[in-house]
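These are the structures in question, set out in turn.
Heads up, the next two complexes both have subunit A, just with different partners, subunit B and then subunit C.
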Partner chain A sequence: MDRFLHRATDVGGIVLRTAIYLFLALPAIVVICASINPVDFLGFPPQGFTLKWYWAAFDSKPFMDSLSLSTQLALLATVASLIIGTPAAYAIERYRFRGRNALQAFVLSPMIVPAVVLGIGLLQFLVWAGLSQSFAALFLGHIVITMPYVVRTMTASFSLFDRALEQAAMNLRAPPLTVVRRVTLPILLPGLLSASVFAFVTSFGNITVSLFLAHGGRATLPIQIFTYVDYGSDPTLAAVSTLVILVTVALLAVVERVAGLQKVV
Partner chain B sequence: MLVPLLTLVRTSLYDSDKSFGGAGWSLRHYVRFLGDGFYLSVLGQTLLYGLIVSVFCVVVGFPLGYSLARMSARGRRWRIPMVILPLTLSLVVNVFGWLIILGRGGLVNKFLLGLGLIDAPVQLLFSSFTVMLVMAQTFLPFMVLSIMSVVAQIDPALEQAAANLRAGRWTTLRRVVLPLAMPGILAGSTLVFILTVSAFITPRLIGGTRVQMLGSMIYEQTLVTLNWPFGGAMSLILLAIVFVFVAGVNRLSRTRFSETRS
Partner chain C sequence: MSASVLSMQSLRKEFGRMVAVDDLSIDVPKGELVCLLGPSGCGKTTTLRMVAGFIEPTAGEIRIQGRDITRLPPYKRDTGMVFQSYALFPHLTVAENIEFGLKNLKVPAADRKTRVQEMLQMVELGALGGRLPRQLSGGQQQRVALARALAIRPAVLLLDEPFSNLDAQLRVRMREELRGLIGKLDTTTLFVTHDQEEALVLADRIVVMNQGRVEQVGPPREIYDRPKTRFVAQFIGLCNFIPATVAESAGDALVLEAGQGARLRAARAASAPAIGTKAMLAVRPENIRIGNPGPNDNRVPGRVRTVTYLGKASHIRVEAAGADLLVEDHGMRASALQPGAAVELAIDPARVLVLPGA
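Moving on to the complex of A and B:
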């Protein structure tokens, strides 16, 4: 009886966990299926296979414009966040200085401050600074939201970094630049890559802050999708959304291959 | 970060209902919010949803987080990406997926029709239950990851010791694992609570106008009604609630569970 009960909890656990994984992945799966469904309304399961919604999406100027805006924005915000965030993470990890905790809390705070508060605060500040509805507004906002991911990932990277390796290279009379190029950078590369991917994906998919900053101006892809969903939707939207899913999954796969996702989350 | 916040504080104190060219000092936007039964009921509702979603995420997230922590690296390889997908995927795409699932011609309705449980499609959207369900799915990864990292630090030998002492599985779970995992559960709950009470995209798209939450009211005031001072006051009230909650949970975590942390 006891054994049977044991077995039953085991099986129950497997069923429960499978259901939860399905629950997590369900929206993405349904969107992908709807995008290849030839019928004119959003249905599931698909009743055939077609790529026509993708051609419609590629032909749609609003979607393609916002896709290119989102890509540029995410790339620039990622680069800027890396340039600012990496030295900050280095300082936080290696030095003990006055205001270190304050700096750390400050760069990580966008994770705790609700996005809606951040969005409205940035909006009012940028209007006051005369920068609202511009690319600069989105750019600044996206640096703020991607920064925590860069700082967190890079702090972890630096803390695992064994400085003896650099010292060994210097003892072997390697010039400083060679040490950076041949020792420091290769060790930090997986960290840098995961930081960039998380920053990129965060910026690329963000809606909660963008919505406030782009109001009236050019729309990023998530805002465009939001507007279409609000007005009622057609399968073209599913095709565009599938593109977003594919980009996200592909980037996660890159991190998984290079750094191992379980080490960085 | 700090400057936008200060701008927000200043705007919320303007003595006007317009977004631009405000002047003067006044607390009337705070008084308006805190003195009105409607706003307070929305606030109460929002906090209630936050608690329900957090508790749901603990219950659903614990088995997943625990099993991930006790799994080989190979087993985690494909499961971790599945867990973090809703977290990294754009929120609108995720919500759009739910709209297809829950719509009138959607997956759930078709399934129920097929089983003969219902005769006509039922309205699943625009209810607080579905809003909470979708938010739980979106924020669950934070809970799972948080629990996973704590459980990974609990020595499996402790559970074996408990089993050797003839403690049943449930007793071991209740007396050994849960107390040790409590800091992670609290950290995950804090995140889920904050994200839920400040959500506005999900309530708006899934809940429509029927499900009112604080986040969607702030959104309306800021971008539709264009009453920035009032929107600012509401968002600062939200921020204050979040800070009080975080501080409270941190205190609880320090005082009650610090001895269990090695």
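Moving on to the complex of A and C:
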């Protein structure tokens, strides 16, 4: 009886887990299937195989322009977040100072504040600052949303970093720059890489904040996809979405290889 | 002393209002292994880190081979350090760890390879050069840390509690290996530990520290047999203390009066206290015998309180001379003793130390 119960719970567990994973992956699966379906509308399941929607996507100027904008934006926001966020994480982790907790909460708050609220706030502020409807507005907004990921990841990295390693390096006659180059950076590299990928993916996929800050008719890729749905259900959309999924998965796979995802999330 | 490889003069370190190291002066000649021994917070690690250059002294001077290094950064000092946590670079292999310092010293590639091999042989890790530190056991990591520190042939080797992360058996083996290795290389060594046994086994000279100050400096035997202060007697080994008053001076001995009318003779120390002053007598448990007195021994009556069997010896607590004395007995007599039994203690006057104060 007991044994039967064990088997039943085992099997039940497997079924349940499979169902959950399938459910989570379903949107991606549907989109990927639609992108290779030869019919002229977004349809599932696929009734054949074609890559023509991908060629259509590559030929579409609006899509390619927005892809290029999103990529540039994500890259710049990531670099800026790393440059600002890494020293912030260092300070939060290494020093005990007044307002340390407040600073940490403040930097991480964009993760908690609803994106719509963030978007409205940023829009109002940037209009006041005379920066609305510009690339600068998007750039600043995306720094705000990517920063928490950098700070969180790098705080964890610094807290795992044994300072005796730097002292050992100095003791072995390494001058400060050599210490940074041969010890500090290589050991922090997985953390930096994870932080970059998270920041990049966050910026690249963001729609809410971008909607408020998009400038001069140039849309980021998520906005472009979003508005395109209004015009019709051309499978080009599915092809573009699949590309986005592939890029995201590839980047996360890199982090997983280098650092192990569970360590950073 | 120009002959000393490492010299610290009037070294002082304050952290805010706290004085971590207070007026410390030590000279270490070539090849000597000096051990800084004391409880945690006594300033021994701070001293070591000042020599390595991780902490800047508030006052005083440190010289290595005559050169003033007090204000030099760590990488311009001729020291090699083994950290308590080993601090092996996790992203480098064992061989690369050992090679690290040699690269910084701009040793040519071919010589580096030879030296790394030599070092690996020396610590008996010849086959493990390609492993990463996390693939090694604690004892192996410790050897890599030592090999890495010695590879750069430092004038002074610094060891910060190097055995504290090893289990008891391995610790005994590693310290024997270390003793042999350092003896062979004739490396001047400064060693920090809170483990008195480690200090007694390894050191040529022990510096006992307490609350930032040096309590006593001397070879292990002298520290153990002739502690100068109550702190030293208590910190190293077990020790009984008997409050007493100096009664008379009889030739090369002092006679002291203790509780319960006991009169004890003690060999006269260099700085014997004046007659009538209070003193503290220190006697190690193994220097008290139950019965069987020699012709010159002090004979003190007492009463057994407890008997504890420890295997190779027994610990007997005896109420005598107004104190609760611990006696270590290696014979069979202890098993026959019962609490409450009247006994006579025999103590060699040469083994009774007179310490100042009550």
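We take it that the second predicted complex is superposed on the first by the 260 of 265 C-alpha atoms of A that agree within 3 Å, B and C clash if a C-alpha of one lies under 4 Å from a C-alpha of the other, contacts with A are read in each partner's own complex, and residues count from 1 in each chain.
Assume a contact is a pair of C-beta atoms (placed from the backbone, for glycine too) under 8 Å apart; a residue touches a chain by one contact, two chains touch by 3 or more.
Model, not experiment: these values are computed from the prediction.
Superposition of the two structures on subunit A leaves subunit B and subunit C fitting side by side, clash-free.
Between the C-alpha centres of subunit B and subunit C, as seen from that of subunit A in the superposed arrangement, lies an angle of 100 degrees, given as a multiple of 10.
After superposition on the shared chain, subunit A has more residues touched by B, the comparison being subunit B against subunit C. Of the two partner chains placed by the overlay, only subunit B lies in contact with A:A28; subunit C stays clear of it. Look at A:Q124: by the touch rule set out above, it reaches subunit B but stays clear of subunit C.
In the overlay built on the shared chain, the residue A:F226 is in contact with subunit B alone; subunit C does not reach it. Legend: residue contacts after superposition of the two complexes on their common chain; A:R173 is shown touching subunit C, with no touch to subunit B.
Using the contact criterion defined above for the overlaid structures, shared-chain residue A:A136 touches neither subunit B nor subunit C, since it reaches no partner. Of the two partner chains placed around the shared chain by superposition, subunit C is the only one that A:L165 touches, whereas subunit B remains out of contact. In the overlay built on the shared chain, the residue A:I187 is in contact with subunit C alone; subunit B does not reach it. With chain A used as the common frame, the shortest Cα distance separating subunit B from subunit C works out to 17 Å. Looking at subunit A, you'll find no residue that touches subunit B in one structure and subunit C in the other. Those residues of subunit B lying in contact with subunit A across their complex are 1-5, 7-8, 11, 20, 60, 63-64, 67, 73, 76-77, 79-86, 88-101, 103, 105-107, 110, 137, 140-141, 145, 169, 194-195, 197-198, 200-201, 205, 215, 218-219, 222-223, 228, 231-232, 235-236, 238-239, 242, 246.
Here subunit A touches subunit C in the complex through residues 162, 164-165, 167-176, 178, 182-183, 186-187, going by the rule given at the top. Residues 52-54, 73-76, 79-81, 83-85, 87-91, 100-101, 104-105, 148-149, 152 of subunit C touch subunit A in their complex.
Across the interface of their complex, subunit B is touched by residues 6, 9, 13, 16-17, 20-21, 23-31, 34, 41-44, 106, 109-110, 112-118, 120-125, 127-128, 144, 198, 201-202, 204-208, 211-212, 215, 221-222, 225-226, 229-230, 233, 237-238, 241, 244-245, 248-249, 252-253, 256, 261-262, 265 of subunit A.
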